[in-house]
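To start, the structure itself, in structure tokens.
Letters A, B, C and D mark the chains as written, and numbering starts fresh at 1 in each.
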Amino acid sequence: MMATVAARELADGEVVFVGIGLPNLACNLARVTHAPNLVLIYESGAVGAVPERLPVSIGDPALVTGSLMVCGMADVFQLILQNGRIDVGFLGGAQVDRYGNINTTVIGPYERPRVRLPGSGGAAEIAIHARRTVVVSKLSPRAFPEQVDFVTSPGHRSGGVRRAELGMPGAGPVRVITDKAILAADAVAGELILAALYPGVTAAEVKASVGWPLESGRDVGCVDPPTARDLELLRCVLDPKKLYLRG
Amino acid sequence: MMATVAARELADGEVVFVGIGLPNLACNLARVTHAPNLVLIYESGAVGAVPERLPVSIGDPALVTGSLMVCGMADVFQLILQNGRIDVGFLGGAQVDRYGNINTTVIGPYERPRVRLPGSGGAAEIAIHARRTVVVSKLSPRAFPEQVDFVTSPGHRSGGVRRAELGMPGAGPVRVITDKAILAADAVAGELILAALYPGVTAAEVKASVGWPLESGRDVGCVDPPTARDLELLRCVLDPKKLYLRG
Amino acid sequence: MSDVSKLMSMRDAVARFVHDGDTVVIEGFTHLICFAAGHEIIRQGRTNLTLARLTPDLIYDQMIAAGCARKLVFSWAGNPGVGSLHAFRRAVEGRDGPRLELEEYSHFGMVARFAAGAARLPFWPLRNYMGTDLPRANPYIRTVTCPYTGEPLATVPALHPDVTIVHAQRADAAGNTQIWGLVGVQKEAAFASRRVIVVVEELVDESVIRSDPNRTLIPGMIVDAVVLEPWGAHPSYAQGYYDRDNDFYVAWERISRDPGELRRYLDEFVHGVPDRAAYMEKRPGLATRLQAKQRRSSGVNYGF
Amino acid sequence: MSDVSKLMSMRDAVARFVHDGDTVVIEGFTHLICFAAGHEIIRQGRTNLTLARLTPDLIYDQMIAAGCARKLVFSWAGNPGVGSLHAFRRAVEGRDGPRLELEEYSHFGMVARFAAGAARLPFWPLRNYMGTDLPRANPYIRTVTCPYTGEPLATVPALHPDVTIVHAQRADAAGNTQIWGLVGVQKEAAFASRRVIVVVEELVDESVIRSDPNRTLIPGMIVDAVVLEPWGAHPSYAQGYYDRDNDFYVAWERISRDPGELRRYLDEFVHGVPDRAAYMEKRPGLATRLQAKQRRSSGVNYGF
């Protein structure tokens, strides 16, 4: 379901910076359905990848074979990302807060962490430079606190200052795709608000899974379920071994 | 003769930044005689070139075919030259002055030049970064003024300040190969002095061709003439069309 | 991506993407210099251009002579291996109407300007220019202080051409472009530019590009037009296709010395032909003389 | 150059060029990670190392577990596609003796550190880190003011490893090295380094390198040792030679969670073997399972 919803965020012809896991599945689903001209770019240096098998990592050899270009990582970050060529970046995180700031670094204090997470990887710069980002994360009060323990990837506000004033070129996390609802950034305040509910989910349920008083958008829509074709593609073609689809 | 003398400046195994014209001939002569492991690097991006024909320009296709590496010019200047990997750089110039400063930019004032020369190309940075440089230029009072009209490539002193104090990594123009004599930089003052005479040339002749009171080194040597093998290689193998050998 | 074709004629590409007053870059270090594009710009009478390039070469000499240029941004202006660019010299020495405006760097400086433009940074740092008169001649060469060591380093500003024209051995219709042999600053110039025209010796199927992705220098996503123009780099060369026409470089010394002869050259070989095919027809025997020999590399395995 | 051989065994290369207390880089983004070198460093008991790499991966997890490391310089420390690096986590969360010292960047920051090191500049500018807590966690992330626009830009300091180990598909005996598929920051890391060890799947004649010079990523002139060690990147992969051993990456989650099991793994597969050939002998069937299929590119013409 999350993969289908994330795939809908992508328009044909866009250039997408693909992360591993669900975003990877979502991008490949979009590519074989409504967005055949999607350009998939992986931070490993593969541009225009057409993987024959579902890549297990963003450095999978299947991303190289048959791709349009392979370049060094200095080019990926300088000539493509910093150059402003990425339309959409996908991000995930252990924590996402009220303003879309994401933490993938530590739970607890940095110097003496309770849980040490992997760190930024390319997430910090994707959050800053992609024209927009889409965040994918499962809802829970622990994952959606009012404020993250550590800002790895900046959202819409930092210490009360808006991202544009901080000099960030991209628009930031415009949508957060969860397993129960879609949140969207309020255009003025930059705060995440409820935009649409999955079938059978109530607003109260979503609000209970979020660590701040979640506002509702003007028109809280209802998310269409995946089509039969989407499900078949995901289960039989894209991820038959259920590497990413668990349930 | 100048080509032979310049070739002797090169030790086996050194990495040389090759310019076009006589330096090119000299480097290729050294490579086929006493320095088989010389690595020829051209600013065009060809590394370890083994040209089948005498290259007409530093971007000649013969420098690419069969070379060890071809890289972009950003890599040539950043990863190789600025990185400090060049042992010897060859430079030529319309004017060379008392301290080895070289002018390849303008004769006369910059804004309203009497003669507009090609400009720096890679010469400024070669003069700054190569561990040492060798200058090749024919002697004449016009070509060797006390002070050049424009410093394109810095020598040993600029406005009285020594090059090391200005932060230049390389040792600068240690030798100047002319058609009558070899000049060398005085280790203390950085001033060019007479180091060796070609057979049949007098010190007075050389002094008359230089625009400052030229000092003589402690031991003014006599330059050995080219061997028969050198001449045969130059005339029959390296430059049979006399592209660079004129006389 | 297969259905996005950017293929068009040189005439259309120049008409659409090169405008009066633009900063234009036709790059290529000795190799792959797109004379065909320069000639079309002359034919279409573009004026007031800022021409940028490390080595102006014969093509900018011709464009300067034809009155296209207001300003030149460069690092070495000569006829490589031969001598001077005489139209350039007349324009700079003030012997031929208004002086051409100059903005002058060294090669490293120009490379760094393209690198900054390609990375969308406002400047690029380099260890250079101490003891030279270049910063005196060009106030855009400045310094920055290292925040770690405190030492001063030279800087050059980013170069953002309005349009960059890259000649290449091959590309697909979407503009995914492969180059081998000398690559110069083609990649950086393309990424630095607002618009990109790729001109190729061969138009190939996307599958050819995809069979060797490490050879791709410029991705189609930054390309606006693809022009198929075999021999479009003559008298420059295309490794694996044709050799450099050194005789023409030598002849240019004579042609460019005399403004009348230069004018006659432009009349006959630029204004007098509609395109590159007609230009080549005027030079029987040229293709045979310069045709490249075979020195084919073997492939590598991309399997997993 | 043909008579300058730098060929030696992995044992000799590590003994000569990797010393206690060194800053060591074994690079490769998923692709071409030289596990064989990491294992030899463990076998020779090196200690007090500063390990630098974008993605520490399983190899640094093993080196941390084996007690080689004092400090880690990195940007993403996980088991890619699987989960955590548990030896790393224990060392950072303080559950396993003295805390591992960390110096943490993002990928772009690490790439920029290598780029600065390779260009021998003291810093590299990048537009990054505004709004993040990374500069708070790492005082080496600083800012510089653009001398043209006045805007502040982030900087990172140059990284100069004492030794960088690059795994590659092929090289000649002088160290001229060709890589295809993902190239990561291998080139920059090698040029930034004081010493360079190249480890290859195949040792080829100089003529193979010279037949396709655009494929050369690292020139022999910066290489100190060449080691022929087929399968030296396993469980990482070598495009065109063997696939990634994903099963081992998954198994590492279980092995690395339990310090006892991790110790047994090191005893058997690192200390228990003298070299990579013996390591492969302990895994019958592995080579067959991971052997790459043929997807050969065709060559290009380098003639003129």
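Everything below uses one rule, namely that a residue touches a chain if its C-beta (ideal position, glycine included) is under 8 Å from a C-beta of that chain, and two chains touch if they have at least 3 such contacts.
Source: prediction; values computed, not measured.
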item	value
Touching both chain B and chain D (chains)	C
Path length in the contact graph (chain A to chain B, fewest steps)	2
Pair of chains joined by more contacts [C-beta pairs], A-D or A-C	A-D
Approximate Å spacing (C-alpha centroids) for the pair chain A, chain C	40
CA centroid of chain C to CA centroid of chain D, Å	37
Whole-Å separation of chain centres (CA-atom averages), chain B against chain C	28
Multi-partner residues of chain B (at least 2 other chains)	46, 61, 64-66, 70-71, 78, 82
Contacts with 2+ other chains: residues of chain D	120-121, 126-127, 151, 180-181, 183, 187-188, 211, 214, 237, 239, 243-244, 292, 295, 302-304
Touch relationships between chains, expressed as pairs	A-C, A-D, B-C, B-D, C-D
Of all residues in chain D, those that touch chain C in their complex	120-123, 125-127, 140, 142-149, 151, 153, 155, 157, 169, 178, 180-181, 183, 211-212, 214-215, 237, 239-244, 292-304
Chain D - residues contacting chain A, complex	29-31, 54-55, 74-78, 80-81, 84, 88-89, 92-94, 104-108, 111-112, 114-115, 126-134, 136-137, 151-152, 180-185, 187-188, 237, 239, 243-244, 246, 249, 292, 295
Complex contact set, residues of chain B against chain C	20, 43-46, 56-61, 64-66, 70-74, 77-78, 81-82, 101, 105, 110, 112-116, 118-125, 128-129, 150-155, 158, 163, 166-169
In the complex with chain A, residue positions of chain C that touch it	1, 3-4, 118-121, 176, 187-188, 191, 206, 209-211, 213-214, 216, 219-222, 302-304
Partner chain D, residues of chain B touching it in the complex	13, 15, 36-37, 39, 46-48, 50, 61-62, 64-71, 75, 78-79, 82-85
